[in-house]
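Worksheet: the structure to be examined is printed underneath.
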């Protein structure tokens, strides 16, 4: 059944997701800060609006895919807001990688207006988004999760359910991004060990990513690291740092240390200090290489 | 073509490997410190000898699978030694996880007696050894690598070649074990983050090991961690510490830091201090859990 | 020359500082959330007010010593506020340990009302405050720094000047507290090394704090650690964590890692997870002891 | 009472110590690998010998100050050795910074020849050695400690006693050097925080080393770091790394982690990778500066 869908945030991830929703036959109103990015969707039949509130239709669904917690909070608190426009029976599907605490806070505020908040952070790069191959974690009120299931099916290859707690899916997303960050450093240290001992790191990567670590992260990111393929960014290092910070803040709020996350935060800050905020986050691997005296070997 | 093969070290890994060589039709002389462990092989047709030197036949092949560098060096330096018995045209296939530097030193000493040293460390647990499903990394003189290829094919599912340098395959093995250790801590921190925030870590593990991290290490070890399945050990924590130490020593000798390896060494030392030397090395995950105040949740 | 002084925050540090200002002959209006704590000062001649704004006298001076950035920001933003009451020619002397960024923000807001903001964080425990032996770091407009010099002389043994930038003195304070935290862990590791090797850590502490490390931090805190003297808290562990977090946030905002600060944050979070938030922050030393399997030795 | 003293190792520390023993009126036989270094002592009356064994006189005392454990073990195991020459009633005063385990092993071997082994590692730089201002830690048989007390008094300003266990004094020395290394990194991080936030790190150093940290390490090493005074080395970074490694190995042998020592090892290895092995060990501070993007600021 076609839905009245709004979509805020047409960046590298948001645009292809919105395109897939449109392709699935839904009515789509879209908003982006930089309006020009909405043009391709307009051509395909989307309505482009000039205020975030205007993406909302009474009782409809709004997807948001924005850069960080603050951006999302501002949009939800705008006067008027798309949340008010959704009103009773509306659903806000929040795709952004944000703090679980932010999801919980928004869920409570939305509930007062009769709107359900569903956290639905996604794993995958823009190509995966375009191919509707994203992996999606969802949490929030079960009825709304049911309602949006077909919508998520049009944008991802599989949806994983994490229950009623609005923040739960965000926790999973933070775990995943933390684990990726850890894998980047781990590979960087292993590759440096190989290289400094006269063994081709590409051979090590090939062997391990064909066996023990035969999975997308080690296979895909391993290649980027070995090729020194850091620009243009597929996912900006500054955003990777943001996500590690979210994991650390969430951990701190629940009173627990995460030593590898702390290390990754330090590595990413050092990369920032060297002017690599806009490089791909795999460039964090250069820190291990440079500490080993191998800068020229791994980087451009 | 059947070979005259000697085998030293019939522990959890060595015994099934030797059995597979025997099953492949080779003549086998075996030695083990605790002689009783050789009984099953004797029944299948192996000759049991009472001195390490006696496993060697002139121009034959000897496999060794012993606990550490020192044990291997002592056996090779024994008077008489299996290396002398092998003599010109002999091949020593060294399966143990040891330092690359030890392999290089032994290779040089062997060469003086006309014996080729081939490093062939393996990845896989005893079940994989029994099923001839090991992954094997080899390095050493190419003619000898060719000669033993069919032997390795009887004990593993795939062999990966790392060239002439005797130590190269050991580097790869150390990289792999380091990466596993890092994955253990990474999962432990992620699981603790989930648990302390009300999300079932098993759900997180299921999602991530079905997608981004869909590979043996995250799938298999993740389960052990979540089930608190640490005894009996599949691979002793003390041995895991030995391997991380080998990685760190090799890194230090080539003048480079490995911060995650340092962290894992510290974690494993803390586990040793708590009396967990003989637990499975996945028990290192308890450190993250306990630092989070979650001891009861993850352990028995 | 006697000043009209207001004082907000009569905790363990604030109360003796206020008492010294009173003893120096100034007129004092005091405010504390828990009014009863103001009683001793009232007896000595202070005026107790019931709203923070009321401590301010036009053109006078107000000292604040509150728990954190948020508390200070709320007091300054109150309607009415003591800042408004001070008005043109007034000076706000901010003793709290807060972020440099908070000082800068407040300094700008104060300037619009004609009020000078002087950061004046202090080093020393309550006894030192009572004895007017504090060490004080100051930064802010030079005229106001001159004006309050005699006031600071009544509460501390020495004042150190860090120029015009409101946040500078806070940076120094964060550096100092970070360095103390690092010294706590450093001693804890050294003491554990001694103890586990059969050497009395008290002997090690005596030797080193009489020679290379003959300074208050190693002498004083070393004793607390060795005696397991963690309750009642002289300075709460939760506050120590707050300060390390401020250092890390300030470092992150300027794009740089602080690995030892990250380690100390992790150590303190582990201590929090174990329920030690209200213990003295020297109790962070228990983490090293416990990781060494020495819990019973060092703690109660 | 004048003693027959032998002295092995006339490096930057050994030479002035030997000179002070000579000046105190003892008979001195000296040995150094590079014989020319013995010339100044010869002029002052020392006998120069050409084999290490020849420094030993029956029942006399021999001091050794050599670069590492292996050098000392080789000298003691030489055939003939100075230990044999000392024989019953002789005392070996071991000044070198070595592993406690090495001291214990040597003490046992010496005992078989009737020789007492006294560990007497020293704190202080060459200038302090020349001025007889060293701080000395001693452990070993009490009678021999009594006997050499006047000798130590001629070379140091104070001696600290750590009992009968040969390795005890070495533990204290390793604790001390570890604590210095930690202080170097701690200052480096604090200075970088100040500098990146517009505060002169020299001002921070002045304030803190006049108050909380008013002790030789922070005062002296703080200056070297701030001045970028890393060459010529007062104490080579490679030797500093050796000492941190000794601490870590001793900790590992007693099953305990030392996270700050691990960090310092990693920092020093990174400095080695950059070719700084022969710089002063305070140059380890450059790692924090460079990670902060401040290389030009702190280094030459």
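Labels for the chains are A, B, C and D, by order of writing; each one numbers its residues from 1.
One rule holds for everything that comes next: a contact is a pair of C-beta atoms (placed from the backbone, for glycine too) under 8 Å apart; a residue touches a chain by one contact, two chains touch by 3 or more.
On a predicted model such as this, the values are computed, not experimentally measured, just so you know.
Of all chains, the one whose CA centroid is most distant from that of subunit B is C. Note on interfaces B-D and B-C: more C-beta pairs are in contact across B-D.
For this pair, subunit B with subunit C, the centres built from the Cα atoms lie 53 Å apart.
Subunit C and subunit D have CA centres that are 38 Å apart.
Subunit D has its Cα centroid 39 Å from the Cα centroid of subunit B.
Touching two or more other chains at once are residues 251, 255-259, 263, 266, 269-270, 273, 291-293 of subunit A. Contacts from subunit A toward subunit D in the complex involve residues 266, 269-270, 273-275, 291-293. Subunit D meets subunit C in the complex at residues 100, 123, 135, 137, 158, 160, 162, 165, 167-168, 171-172, 174-176, 178-180, 182-183, 185-187, 189-190, 192-194, 196-199, 203-204, 206-208, 210-218, 247, 250-251, 254-261, 263, 288, 291-294. Residues 245, 251-252, 255-259, 262-263, 265-267, 269-270, 272-273 of subunit D touch subunit B in their complex.
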